[in-house]
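Each of the two complexes below includes chain A, the first together with chain B, the second together with chain C.
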Partner chain A sequence: MNKRSHSIAFWAAVAVFLVAVLTMTQIVRNEYPFFAGYVILQFIALAVAWSILGGYAGYVNFGTNAFFGVGVYTAVALFKATGAPLVVQIAAAAVVGMTLGFGVGLLTLRMRGIFFSIATIALAIIIETFVMNWRFVGGAAGIQIQRPPVMAPFDSYVKMLFFVQAMLAVIAVATARYIQNSRIGRGLQALRDDELAAECTGVPTLKLKLIACMISGALISAAGAPAAMYLQYADPSSAFNLSYSVSALAMALIGGTAHWIGPVLGAILLGSTQQLLAVTISSEVNVLVLGIMLVLFVVGAPKGIIGLLRPRYRLRAGGKQ
Partner chain B sequence: MERRTFLGGAMAVAVVGHGSRALAQQPPIKIGMSMPQTGGLAGGGKASLLGIEIWRDDVNAKGGLLGRKVELVVYDDKSSASETPAIYAKLVDVDKVDLLFAPYATVPTAPIMPFVKQRGLLLMGNFSFQVNSKVGHDMWFNNAPWGPADSWAASFLDLAQKAGGKNMALLTADQEFAQNLAVTARDVAKKRNIPIVFDQVYPPNTVEFSSIIRALKAAKPDIVYVASYPPDSAGILRAVNEIGIGDSVKIFGGGMVGLQFAAVMSNLGSLLNGVVNYNTWLPEKSMYFDGTKEFFDKYTKRAVEAKVDPLGYYLAPFGYAMGQMIEAAVAATKSLDQKGIAKYLRENEHKTIVGPIAFSADGERKETATLQAQFRGVKDKDIEQFRSSGKQVILFPDKLKTGELISPFEAARN
Partner chain C sequence: MTTLAAADAPLLQVGTLTKTFGGFTALDNISVEIRKGERFGLIGPNGSGKTTLINCISGALKPQVGSVVFCGENITQLPPHLRARRGIARSFQIPRPFRSMTVLENLMVGLDFAAAGSAAAEEEIAMSILTRMGLAAKAAAPSDTLSQVELRKMELARAMAVRPKLLISDEAMAGLSSSEVDEVLDLLISLGEEDITIIMIEHIMQAVMRFSERVMCLDAGKIIALGAPSEVMANKRVQEAYLGT
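What follows is the complex of A and B.
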């Protein structure tokens, strides 16, 4: 298939997916699939957004929870101050996430590898502490939120959120796909393999890193924004929970980071396993199962699921094999 | 003729047999909940769950509710608010449980309050703090003894003022629960014209408190109100032990989380002496009601196997009491109609192993039954001592009182 027919197939699949999601919200009466599905879609958006910086550029960001929490609290603050509708909350969260991403991008000037990762953890702690002391959004005690009335054609707010999150996941995937196939993506891959060599051969590394950080940040924060309305409650320890970082990273790694489909597969696999385990085994064992899964994939399939499925990605992902 | 009789007899047997089998095979009554079994709240969650399981076994041994067995459907919420909405949607829409219990603690409960309100479902609360104040759900009933929001600080300040306290120092952790307490403490102090001479909020993971305690001592307060979490409760008491707190202090404690749990108590040992702190249940003579002793006999045996708090005073009996209230309401209304059960729970006083419980309109206790108790004569490294009475003397509420405050704090420490 050439590039053009690839594109047609992709957008056709997206259209089918969105129509299916919309139909599901109209037909299915049981609300549980929407509650669980929302979480899985949220993780698709997070994992894909994470892999733009962590996968393509190789800058491992442990601060997914910082961006996520910023998204949640931007929505909360805006909703409390002005009663802004959901779309505005998400857009605002994306802008704030992008600004934060710009800041994180500047960090990469001085820090690489493990030092960058540690700095992103610190970022999450700093922002969480700030929110904890911000009384307007509830501070350490958290804040309860009353949802506004649901909009047509949806008959429940959760169904609407499910559809909104599906849109956000699609936006994240389409963005990641665009980057992967563009000059930006090739530049990011070059700087991941050898930043100095890339800079010497004329790849504008700083500019690319800033772009990757900003896009990744904006997408993560946007995916976090509806969480406030989903939970109807926000508290710093849940919004800035490190599990968002660990899950996003694990999903991208399990799926494989060389291609945008990797994090999607990883998020579907790990996200649905998590949801399934939460309502079946439901004890310490479920944490153990996830841990074992991660170890098995790291050892058995270092390039993730896509590395197993398509050997040619193994070459691209490794770069040096 | 003979054949007809035989046939008739056979049919009759079949019908009777079928009927009795139908009775025996009535589906169980399912009670659904999430419970923190991993994460920060797991210690409390497991103890609470054990209390509820003991109730389930007791009620099933008596023949169940409405002649049906009681079955618990429990999922782990990982101590997180983000897990509970999906879990409760599953409980209601997929598992089709008959009744809902809330998870232990405020954070996992908060997101399900709007959900149960919207669906018109009864929710039995499990030690949340003021989680219904903004939602205003009229089918919410909290098993915790908290009572009105300000009663916690008010009872401590009552004791303090009686002991001659005129000004207050506040030392609080920057966490949800501690800050809730701090806010009410400031309000009550303002109403009573008690000046606050020291007000320090410290970050949750603080371990070294000597500089804070020195600054607090320098302010020469009469009343020291502390709202802290388990690791910092220990750090604060160690620093007080090393540096001292000054002779001015009449009363010390109030809202220290952790001093209710066996592991923390035995670890701190004699450092606890003199501290006045909140509690929910204590092995004092005023605290035994119908079935209390039997409950703790069972709990003590099963706690070892379940690897939970060996004493289990703080949460477990209230889990049991939650079941008892449902048991009484279902028996009285003879149905599982949630509106009917809620009406019964709201209008009556309920006998439980933690004493009589009556609810006000917001679903919290009408009167607070949160104890303020003073540690006395505690020795180091001995869990068993906490099973005997006299180690934590109840000062409040008056109905349950078993002794008087020893003041000042320095005198009570020996």
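What follows is the complex of A and C.
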């Protein structure tokens, strides 16, 4: 019953959020809030998606940029080849991201700790090199994208992308929340604590890690799919930029990974700070701030923001909402 | 006749098991059969291969040669989680709790994954196991706040949550006081009375003597004695292995 009322509260909040986003696109005329808001929403989706494998399962994935870039270029290739609508581009990116997650997971998830992380960095480099030499999508020079006409009820493409990214963030959060409360979540938590003990208690660890890697990959790629439309341009070194990996990881860790709300809080905090700094000082300061905050949190609040808010949180980590 | 034979068939058959790590032979041609409902003691000096043997039985390690047959099924190549689902549960020499979980949640993992059932019933079962183990009061406690004896009991409780046919206890009494040893031993004996077959690795000889129906002694990866506890203790080679010559 408690669980059900939590569910009702969650979906009510989601509905309010989406209605607010939609209303905002209809009322606010200035495009800048949408331009900045898109990035924050994108980071919410990335951080939450990252935490499914990196947080719940404890497998620190440094290849967020690989999945992100694959999402970008799936959309670009599809759009150039067939002119497919945005929804189809996103769905295709999710499928490709999931497939990549499966393949990569199969190859790398037997490695633990730092070895897994290094393997995921290698993955990004391999795929980026491939895309750099793929002439159809512009190779290393990148590719200009001509946005198609915007669809009603939106009056600008950026506003529509803002709404789409809000949907993607909601999907990522709902998925993470579902996993956290399901048997899969308990299994992932068990294998994060102790993989051998989990196996011996009946947890199919490899299977669960693969599932987590596939879902995480699909969500990251989906979040990346609209990026080319957003920038009207795509090139390998920005689509596969390591900063996506660092940001997603830092946001999730700063927010706290024991609960899906952690990465959301972390992404909002860091994302808006970055947007603010980019306007007031320079976009290069972002990385510095990210680094400093990460160090501060690792030292001062290893369980992230949610650990600060609820020091005894971990007691309830299994009964969560 | 066939039904009689099936009833008499051993629960666990370990056949010509050999496990090497590089040039080191940890287990050398081990064959043993364990009956249903038996309380089986496994002893031997440090490094004699006891834990390697139960790692091969529970699936944490795969032997190079030989087979493990459980309930008539060859499980030599199965991963540990599938063995757990078939009814092999274990505790660890150094306790390995799920540290971010409460005691109850630790048990729920086994109930969720190894012994399928509805969620409501699962919590009841978990609580009844904890009551059995004398841990009911600690159900909501985070597992990293437990004392050593509570951790040992929780490991056994978590193994019980798998609903095992075979329970392997790897030095569940190491580091406990003598009253705590008796407490854990009583628990193991009472579990044995419920048709759960138990393999107990232990260094505390009084505990082994009191618990076991049969004892096997390993030394340098070989079986040097197998039989009734008193016979094994009287065996010259066992005494040599333990005391040196």
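Assume the second predicted complex is superposed on the first by the 305 of 321 C-alpha atoms of A that agree within 3 Å, B and C clash if a C-alpha of one lies under 4 Å from a C-alpha of the other, contacts with A are read in each partner's own complex, and residues count from 1 in each chain.
Everything that follows uses one rule, which is that a residue touches a chain if its C-beta (ideal position, glycine included) is under 8 Å from a C-beta of that chain, and two chains touch if they have at least 3 such contacts.
Please read all numbers here as calculations on a predicted model, not as lab measurements.
Undergrad: Contacts for A:Q144 in the overlay, against chain B (first) and chain C (second): which applies, first, second, both or neither?
TA: The first partner, chain B, only.
Undergrad: Does the superposition put A:F35 against chain B (first), chain C (second), both, or neither?
TA: Touch status of A:F35: first partner only.
Undergrad: Looking at the overlay, does A:R186 come into contact with chain B only (first), chain C only (second), both, or neither?
TA: second
Undergrad: Once chain A of both complexes is superposed, is A:A197 in touch with chain B (first), chain C (second), both, or neither?
TA: A:A197 contacts chain C only, not chain B.
Undergrad: Applying the touch criterion given at the start, work out whether A:V287 contacts chain B, chain C, both or neither, answering first, second, both or neither.
TA: First partner only, chain B.
Undergrad: More residues of chain A in touch with chain C or with chain B?
TA: Tallying touched residues of chain A, the top partner is B.
Undergrad: Is A:Y230 touching anything from chain B or chain C once the two structures are fitted on A? First, second, both or neither.
TA: In the superposition, A:Y230 touches chain B alone.
Undergrad: Check whether A:S5 is in contact with chain B, with chain C, with both or with neither, and answer first, second, both or neither.
TA: In the superposition, A:S5 contacts neither chain B nor chain C.
Undergrad: Identify the residues of chain A that lie in both the chain B contact region and the chain C contact region.
TA: On chain A, no residue contacts both chain B in one structure and chain C in the other.
Undergrad: Show me the residue ranges of chain A that touch chain B in the complex, using the header's touch definition.
TA: 30-32, 34-36, 38-39, 129, 132-133, 139-142, 144, 146-147, 158, 227, 230-233, 235, 237-238, 241, 243, 275, 278-279, 282-284, 286-287
Undergrad: Okay, in this complex, where on chain C does chain A touch?
TA: 58-60, 79-82, 84-85, 89-90, 92, 96-102, 104-105, 108-110, 112-115, 140, 142, 158-159, 161-162
Undergrad: Under the stated contact criterion, what part of chain B meets chain A in this complex?
TA: For chain B paired with chain A, touching residues are 37-38, 74-78, 80-83, 85-87, 89-90, 92-94, 106-107, 110-111, 113-115, 131, 134-135, 174-180, 203.
Undergrad: So in the complex, the part of chain A that touches chain C is made up of which residues?
TA: Those in contact with chain C are residues 183, 186-187, 189-190, 192-194, 196-206, 258, 314-315, 317-318.
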